[in-house]
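What follows is one structure encoded as structure tokens, with my remarks underneath.
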């Protein structure tokens, strides 16, 4: 049993509190938040929890082995650095940091002190993404040739980052996790349709990611859609997969469809054949992703091995987001990673 | 009653033959195709039609007032020029030409001779697009702020143009027609995933169109999708519209949703409110678009007025496609129109 | 603030505990269940609650003003009678009792003692059903002419009642509530496809309810469907409504469709015209039905007025279920109510 | 090559004309219809066809080997009898006749003269129904335990039969074809919601069919639904199948779900387990059903073997419809076949 402290108990922090509280491998020692009201609400539900408005209490507490941070991105670096310097393992809300330099510093610090950093890309732990990973690794799809994601809804605006930094981390982390390919460059276009004072945060954006092996990925995110869409198409040379996260069942469909070039003459004549066969939808388990992640974080610390959403993977996501912002500034021009 | 000749009777040419044949305002005099087999098939259905493998017969026929051309894009310019020089009105399959220079020459020629050019952007004549145009003009959506289209399927490859030139003309013509806004620049990314000999035609592509007034449009096209998707989201400042052309009914849905900034303090605090209300789906007529277009082409010639898909509108589409190809070559960099 | 005790804390009882616990108008004094394990689980969540395996403690407690019963149907009568005799208001899980005779006895007892009986037809309190009621009362649909419900899934079998008594109470209570019409007779067919020892409980059944004014209702329920369907079609003379409870949004759709008989000659020729117009989907609130019901139960007791799901309405549901069972025994023959 | 004549060229007759005209095995000699206007329309499309308003010409024509009849049900018996007496093979629109007595007389006549009767239950020839038949025969579903069909829409009223005789023949013929089980009795309820003069034709009806082996089938048909639904659930002891004919793809879904009773104790305790696994949707061919049927009718005559929708199968459908009408008259009481 390990002892944990949590910093930040807003919307997502509450989920962390519930899951660490219910876990058999964690002992939730202390919760910190700047806002006493948030702490009071937590106390009502879990009367025996210790709360504080001073994060330093957590850093200073020698019984705490790990700290989970669920605060706005801008504060991630300082809080995580503080925790690492106090020799605590760190669980950080995504995205990891505001830029790669910060990420690199945290990773180095953790490495030096043999500490685990887990970036909370919860989506990676869902039964659907685990199943997709399994399908791709089995070779069922053949070689992945493109990844096309749409993640739009009428969402609450994030105040400190644009829509790419808010929504695309899901897709980028999924993309990296399931394909395990090396991204080469990115292009991003977008717009700040609702402008607020001095801030010009894009609320709609389109990201293309080019890979060294010719694979292409596209991510369409916006906060201004009347309908909620959560769809990823993953095309392989043998079969193609559609993941629709809005469906209550049959979220993953594998289509026995592909393009076939029979022989050289076909190529010369460009007579392309489409093979079109059955569709198959695998059953998914009903495990809660966050619960799973909480257990695996514990295991990673115990075994001294990185989680599947470790600091390095979180840094890869930040690197792409950083380049995407750069491309936005350059009106969509290619930015090599 | 006007006399027409048709050049090209492949897949789409057959639809033209049927519609001009059945029209009360057109007399289908002659059909030309290089392939005698195609002509024989037509003769079986319509035994009284005159056919020829020599297009010059149509140009030379003084009884023919208009010529419809349904051949590959590469041949559009020469055939249309020949028809215009023979003083025939011209109906051209989309896209109009291979580039803007060709389009400009045809437009000039037609203007000099007082001839009508109609570009067959059939989609514009569908009850759905006509209804969307009507809705936008009524002010029901407020100001259009973005347009996001997805048009993907497992389609037969086009042999002479990439997927942008094959599929995006639909979306670009719809976008121009319904918003009536001035595009400023484009970005295009994409990939040729299946390469054929020397040709490197993109089979997946993503196009961003930026408008002078800040509106943004995005078009996602590919020939390699396991599922057929035909969806356009049009967001306005007051309401938002989703058009799903794959639905058998309720193709258009208008959502009483929008973003509201109440006052200056809201802007300062970035407290954005989402208004979320009812949804409304208008009934659509069941008129055949092509039949409608055939009648309006007749009317345009009689009245000497341009069609809603005239040469100029077709030229605007080509201009954007041309710039998109340029952006593809420049790895997605912005190309100003 | 009123004091309540709850008997039975299985699946549904847990929801009652949570809602009465969180209510500002209720003080949850005591919980009874035969099974000490269930009580222990509750204690873990709500450590300050008093629990007992002896229901008589609740009846004997003079501080308790109302008792909520969430036990199997067979025990409803005795427990409710005990509560009423102890001068407690009663909240009963649906269906009210095993037969009309029991229901009548409870209703009489409550009337004599000026006590409120609320039957927990929770569905009636959902925003969707409240909206449908509002739409019908506004006259928007015209006169309701038929009601057709399908409620099927792969569900856990109920042990003591057949599928009609398990699933159809939802539909019957909705039907009675929204149409306010007088049912005249019922026909029921069905089958016990999986037979268990001596018990022959129908796991698939079809119920027709005939009304005195010619309206017809049909309810299709089964526990053996691979897909979960929750659809009700309500046709009116002016418009028609479809309620699909499985949708995450747009659960209610109102179709501007109807049948029109223009004049006497039309009738002679039976030239019926269908009017087919727009579709409209009203926004729904996100209130939790059970929370609403808990508050309205409190209000009913305070004001001495019946709830909208009072004992009489619960008795009407039982009467139809009783007749349905009779019809099943008579191989589907009509049973007059 | 066989010679055929067609009687009746309304909506469906037109499809027959087109298919027999295009077939390589049929020579369409003559078409008869009471209405000269209908014949004129046909002549416009197929200028070389012989037409007549006198059906006797077809009976008298010694070159005609088969006659297809696509007229209202009431005229089927006389026309088919005339054709058989003239030694022509007969193709009859569904349902075969107005009652079993008529059907029996036609079947006897055909048997005596070695003539083929084909009842045009076109649905049986669709790739979907052929695939379902194949799936059931493969044993993939286990034993079929129930069949539940819904076939509703806002349809043009039939003038001479009720909704059961109009829509249910599809479901009954499918049910008989795919399960090959012996129906024992029927119950039917329904209503004539729009009454026309003297006629009281049910426009909404619910049919239960009980089989000797305990299987149960239910068919829900109506002409007054705002939405078009065409769904059949077929539950087997091993797997369950859903057929949704309104979908453009994935019309058939096979769910790896079933109910399992592990051992006697389970039965005693009624501890039922649901097995829930993957879903699979087979690809379907795109053959036109009517074209297939036209070829198989030719083959049946050549080989002297019955079609899969022969007179006997058509008679079985009429028998059930007849009994359904009887049950409607008896207010839903069971009518043994």
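In this document, chain identifiers A, B, C and D correspond to the written order of the chains, with residue numbering beginning at 1 in each.
Definition applied: a residue touches a chain if its C-beta (ideal position, glycine included) is under 8 Å from a C-beta of that chain, and two chains touch if they have at least 3 such contacts.
Quick caveat, the model's predicted, so the values are computed rather than measured.
The pair with more inter-chain C-beta contacts, choosing from B-C and C-D, is C-D.
When each chain is reduced to the average of its Cα atoms, A sits farthest from chain D.
Averaging C-alpha coordinates per chain places the centre of chain A 43 Å away from that of chain C.
Once the centre of each chain is set as its mean CA position, chain B and chain C turn out to be 54 Å apart. Centre-to-centre separation between chain C and chain D, using Cα means, comes to 39 Å. Multi-chain contact residues of chain C (touching two or more other chains) are listed as 276. Of all residues in chain C, only 145-146, 148, 150, 152, 154, 156-157, 159, 185, 187, 189-191, 193-194, 196-197, 199, 204, 206, 208, 210, 214, 216, 218, 220, 222, 224-227, 233, 235, 240-242, 253, 255, 257, 259, 261, 267-268, 270, 272, 274, 276, 330-334 touch chain D in the complex they form. By the touch rule above, chain C contacts chain B in their complex via residues 250, 256, 276-283.
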